[in-house]
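One structure coming up, written as structure tokens, with questions to follow.
Order of writing sets the chain letters: A, B, C, D and E. Residues in each chain are counted from 1.
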Amino acid sequence: MQEIKKDYKPLIVAFCCNWCSYAGADLAGSSRLSYPAEVKIIRVPCSCRVNPTFILKAFQRGADGVIICGCHPGDCHYTSGNYFARRRMSLLFSMLDYLGIERERTRVEWVSAAEGAKFSAVMNDFAKTVTELGENKRLEDLRCKN
Amino acid sequence: MQKLNELALEKAKTLLANGTVARVLGWKKGELGYDLEPAVFYSESDLEGFIYNAFSGANLSKYLIEESKKEGKVLVFLKPCDSYSFNQLVKEHRIVKENVYTVGIECQGKLDVKKLKEKGIEIVDGVIENVDDVTVISLGKEYNFVKEEVLLGKCSVCEKHLLSYDEVISLHDKRTPKLDRFEIVKKLEAMTADERYAFWKGELSKCIRCNACRNVCPACNCLKCVFDNDASGIASKANSDSFEEKLFHIIRAFHVAGRCTDCGECSRVCPQAIPLHLLNRKFISDINRLYGEFQAGEDDVTKGPLTAYTTGDAEPSEVFGGNK
Amino acid sequence: MQRIGVFVCWCGSNIASTVDVKKVAEVLKAEPGVVISENYQYMCSENGQALIRNAIKEHSLTGIVVCSCSPRMHEATFRRTAESAGLNPYMVEIANIREQCSWIHKDMEEATEKAIILGRSAIAKLKLNAPLTSGESAVVKRALVIGGGIAGIQSALDIAEAGFEVDIVETSPTIGGNMAKLDKTFPTLDCAACILTPKMVDCAQNEKIDILTYSEVESVKGFVGNFKVQIRKKARFVDEKKCTGCGECMQKCPSKKGLNDFNMGLNTRPAIYIPFAQAIPNVAVIDPEQCLKLKNGKCGLCAMKCNVNAIDYTQKDEIIEREYGAIVVATGYKPISLENFNEYGYSQYKDVVTSLELERLMNAAGPSEGHLVRPSDHKEPKVITFIQCVGSRDTSGCGKPYCSKICCMYTAKHAMLIREKYPDTEVHVFYIDVRTPGKNYDEFFRRAVEQYGVDYVKGMVGKVYEENGKLMVQGADLINNEQVVIPSDLVVLAAAIEPSPTVRKIATMVTASIDTNNFLTEAHAKLRPVESPTAGIFLSGVCQGPKDIPETVSQASACAAKVIGLLAKDKLKCNASVAHSDETLCSGCSVCANVCPYGAITYVDKEFRLGGGKTELRRVASVNPAVCQGCGACTVTCPSGAMDLKGFTTGQIMAEVDAICKR
Amino acid sequence: MKFTYYPGCTLRTKAKQLDIYGRKSLEALGVDFEEVKEWQCCGAVYPISRDEVATKLSAVRTLNSAKVEGEGKLLTLCSACHHVLKRVNGDMKNDENIRFKANNYLALEEEYAGETDVIHYLELLRDYVGFDNIKRAVKNPINKKVGAYYGCLLLRPSKELAFDSPENPTIIEDFIKAIGGTPVIYGMRNECCGAYVSATNKEIAVKKSVKVTDDAMGHGAELLVTACPLCMYNLTENGNKKVPVYYFTELLAEALGVKE
Amino acid sequence: MDKLEQVKLVKERSGTDARKCMKCGKCSGRCPAYNEMDVKPHQFVSYIEKGDIDKLLNSKSLYTCLSCFACVERCPRGVAPANVIEAVRQEVIRVQGENKIQAEKVPEMIDETIPQQLLVSMFRKLNK
């Protein structure tokens, strides 16, 4: 494992579904439950809107970790979106792992609108994991960082 | 085995002559004996160029997307593996089934030109095929091989059988594969992440983005590929950095996941000999393991595994592609 | 080039104490396309909104970014603000710098930097925004209720009460459903007919309600507000308008050996019959399988006897086509078949009956006119044993995994009624758990034990066999830790209930989702329990899940309220953020429809110009914006990228990713 | 179609006649069969524990013999043999662990993965010969009220045995009708006779067997018919001794006129 | 052996998931040998789930269970009480010297009528 740079801060993109996880993030905020500023949230209507290309593109552009948050299985606002997302992400993550890319850089978490504390805990944990992994070098070597 | 060619030719002639079909989709002789190409034949005289032999590896089903739209019926010869692609394309409404006359044709595995060249055979004058072995005649000399030595990778593990057709030309039972289709996938999975990374880095960095894999793949049948479409956000004509080839191959494999019949054409045509089918097979093996056995193209109605779900599916956190 | 305005809110000190709002406004002003960037204490206040309105007009802004609290809080507010200044409301993006920034970070520098990135990301997205308009569609002011049991009846009455027209489609020859077969109802023990039949009559007399009995829904097309439905009215061989329900024909019919479905097959009825005395409509129907005239042309007695010439042997099925704005599914339930439960002897012994059969045996209008006798020898049973959970809570594959919910209460009711009417009868009940949540429910059950002396045995029955003319009920008594054998005269099985077999067909027709037990799925288990995820389809009664009469009626009325809310609108405003297929890219492969939970995607053959005067017919996906709810499942499934979601386009999300990852 | 015939220990030794009746009847009905070469005992009880493999091997050998020697149709005569062979076969088909270990141990030429169909003699009569055809072949109708005694092993667990309805079976009653008898249905026909416990605790076996025989007689049975040698033993020795118990092959042979 | 380990082993060997039991007692309601048992079929499932194996190891029910599978057949939750009983019995007889039948005693049991099947199954059930 590479040495962690002293003030290394990872870049983390979080895709949150509008109905549960984005609201859960809001609740974390109104409960003042902090998590690192490295986490930046992108709002999507449903976890099933997250295209694998978004994740790969984020890595290409310099992200060190990508996390997808959606409603708990069974609670999807659109009834079945997160079930599709679950299959897609399982296969995609398994493929990344198969290519030798650190499995821990990608994650799916189910966070409901009431789980502000969980949202914060998940983000803290994920940021810690990604920080330990260090900069994302495996997906490419010549990442265009402009 | 030579009999198959005669029967196929005869079938094509008859059906053309009696007006059942307006044209025939088959394989055309090349100049070097092994460079057969897919071709459309319109008349008996055209058919002089027709041949079906141990080099007829090309999957004809994708050509039907265009051919089945034209006036009149088209006769197509489908090897077992081609027919799965055919079904999948029918399921996706890409082939007008009513315009196709399908003849299933026996296949005991096709030969890998690259492997022959490695054995020093540059020119092929003739080929005598049996179920388990094959004799290649080159410059007057006969070379006998056990099938496994010279078969295309996809053929040495082929478990596909003849599906339903308008007619079937078959003289022998299909040989059973001696190798396990997922053997190499399992081997890769057993490696450490570093070893896997090194393997794929080595393989994928060979990619020259010639797009041959995409062009031949029956599942890659979009009107316009996302990689050619600026609005997709991932368009690229060539690899601008080493990330691009990974992105291209991961996305391509993902787009065909659940639709890929494992016909192996991608690897057959890759000029850089990248084992691209190992990406697709990884998805297939994961799908089988996680969501139940599924073979794309086995029929033309069942929903694909990525457009279905069960409430008890595995969580992404439980799913690993290899050694943890 | 867009002209963008950025408005950074302080939210008093909520944002400003951690985020340097002035710096944020300043930095974002330098972004390409931004022509004005302001900061203000409370953007959502009247003054703040005025500031935005003025800026839009003054600088001819084409879009605005508000850096403020969560969009879940004020996105709607700022959209209205923009709209009032003449800007399309969808040209507004919110950067959430309060809940997701100032409130969770302490370091000013860090928070300010993050706020700037979030602002940039919103600007990047906004640059790709397109003005959206929500479509509108007209509403047909008529509702269809599928199923004429108590659920359907209640929904129909409530909808009609609000002034809308309703059609009830019922497969059997009369409305009333299962409730019409019941004797008394818990927990008040009033007679089912006394409370149901007046409602049935109300339906018949209400001029807004059209009852189509002996009819089935054949096909459903269209979408919320505009359903086109074909209904098959089966031939009943009796003219409904002429028949007076006098019953003369039933007396004369020589073919009397049909099993009486209404009495659960406990007695017989003639080939021409009215299901029961209070049937609505009170019109006869001929069973073609049983009628001698229809089978071999010989008879015709009923036609001869009919004073009003209502009999018509030549009647054919008729297809009626109607339009509706909303559809209520109220298809109800049936008890499961007991073929997997031979240990209880249902198929071997006549005196093992189901609870619904017992209802008929106890009903004054039933086969024994309310005198409780056993089916085999018509003698009064002296020992009656009830077995609960027959096929409920069964995960072995023989029965149903769920609790049927109504059995504990009706078994207590039966036990109580028997003990009251025949005090010298011994009553035993085998149970696993007695489940009685509900107002006055547990009190009711306890009354059966404490007041009426019903013997409740905790444990299940393993076998029922016959010995010396008695039914030997062998089961576990878990409290006393012994195996008991109770010689009984009558055994009553509380069979699990399951959705009517027709529900699967109907769910497919209306593209409503259905669970593994064939219950219809509600749009949200807690917040939208009477709606299907498919817009315009509503769920009433047991088709959604097991429930008793009080609960069914509540749900039926709730369902009606939702229907009324829909039908009261002249036009439906559709969701603006809907999927859209680029026809030049779509290859018609049909995977998108597989993942659409709403059935919003259809495929059409469309002609495309190829150049050179040539055209090509191609199959392409078409999204109905009135039905699409905008989840985006289709966009990811589409391999060619033809499918995109307005307001959350692939380009927009990619732009956000880009903006966030730039460093 | 040719069946591979498996008589089992009891019927080959102690109750030889019953095996002979079975064979003669098959011949009379025109069923083609051949005995398993060098067969071994099935093991007598199905080893329930998931960790038992060795005790299943002799059953696997027999199953494999049917696959290799014949057409993969193993015909059983005794309920216990049938029960063991059918369940072990299910394990070989469905339990990867057992299949792997058993094959590893036996080192067969070709892996055995549950390919053989295990068919009980009664199933053969019902599904391959047909009770109607038997009825036609009957020369001496039984003309008695006969109680069918099923016991446990043929019926349960029904998911694995898939023989007949576990609580309301009909196959033996149909058999009785076919050979000209009148079936008597009684509650205890699928209750246990006491099984192997009779060897160590005769009291239990007597209780169980008396209950069965009494119940059958109470419903008017003049004789009982069973398909299990152990049941036959218990009902005869430990029952009420007032009602005779026959093995089904004996009644069949008698009805077909091949019993000498 | 460690008690916990022993419980785990018995659970595994039985191949049945005792947690699926909903305590309805149908197994005991169906059992033909119920009255001969000190520990009842449903209690086998309950005790093993609670990890209380001593009561089971010393139970006389191990030798009165007829292995008739009625409990397995009828359980509405797919639990197999007979398999638990068998797994516990194995636990007892697999210990050295715990065979319940001595081979030398068998000859005296044999008479004209007793079928092999009875002897073999008894031997299999009670001996290792």
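The rule is simple: a residue touches a chain if its C-beta (ideal position, glycine included) is under 8 Å from a C-beta of that chain, and two chains touch if they have at least 3 such contacts.
Not measured: the values here are computed from a predicted model.
A.B. asks: Determine the set of chains touching chain A that also touch chain E.
C.D. replies: The shared contacts of chain A and chain E, listed by label, come to C.
A.B. asks: Considering only chains that satisfy the touch condition with chain C, which of them also satisfy it with chain D?
C.D. replies: E
A.B. asks: So, comparing C-alpha centroids, which chain is the farthest one from chain A?
C.D. replies: D
A.B. asks: Using mean Cα positions as chain centres, tell me which chain lies farthest from chain B.
C.D. replies: E
A.B. asks: Grab the C-alpha centre of each chain and report whichever is closest to the global C-alpha centre.
C.D. replies: Measuring from the global C-alpha mean, the nearest chain centre belongs to C.
A.B. asks: Taking the mean of the C-alpha atoms as each chain's centre, how many Å separate chain C from chain E?
C.D. replies: For chain C versus chain E, the centre distance works out to 48 Å.
A.B. asks: Taking each chain's centre as the mean position of its Cα atoms, how many Å separate chain B from chain C?
C.D. replies: A distance of 46 Å separates the two centres.
A.B. asks: Compute the distance, rounded to whole Å, between the mean C-alpha positions of chain B and chain D.
C.D. replies: 52
A.B. asks: Mind checking the centre-to-centre distance between chain A and chain C? Centres are C-alpha means, answer in whole Å.
C.D. replies: About 35 Å, centre to centre.
A.B. asks: Send over the residues of chain A in touch with two or more other chains.
C.D. replies: Each of 52-53, 57, 80, 84, 88 in chain A touches at least two other chains.
A.B. asks: Which chain C residues sit where two or more other chains touch them?
C.D. replies: 343, 397, 463, 595, 637, 650, 654
A.B. asks: What are the residues of chain E that contact at least two other chains?
C.D. replies: 70
A.B. asks: I'd like to see which chains touch which, written out pair by pair.
C.D. replies: Pairwise, the chains that meet the contact rule are A-B, A-C, B-C, C-D, C-E, D-E.
A.B. asks: Once bound in the complex, which stretches of chain A touch chain C?
C.D. replies: 11, 13, 18, 22-23, 25-26, 28-30, 32-35, 37, 40-46, 48-54, 57-58, 61-63, 75, 77-81, 84, 88, 120, 145-146
A.B. asks: Hey, which residues of chain C end up touching chain E in the complex?
C.D. replies: Touching chain E from chain C are residues 343, 389, 393-399, 430, 432, 458-463, 474-476, 478, 481, 483.
A.B. asks: Report the residues of chain C in contact with chain D in the complex, numbered from low to high.
C.D. replies: Going by the criterion above, the answer is residues 341-343, 347-348, 397, 463, 465-468, 472.
A.B. asks: Using the touch rule from the top, collect the residues of chain A that touch chain B in their complex.
C.D. replies: Going by the criterion above, the answer is residues 52-53, 56-57, 59-60, 73-74, 80, 83-84, 86-103, 106-108, 138-144.
A.B. asks: Touching residues of chain B toward chain C in the complex: what are they?
C.D. replies: Residues of chain B touching chain C: 69, 91-94, 221-226, 229, 231-233, 255-256, 259, 303-304, 306-308.
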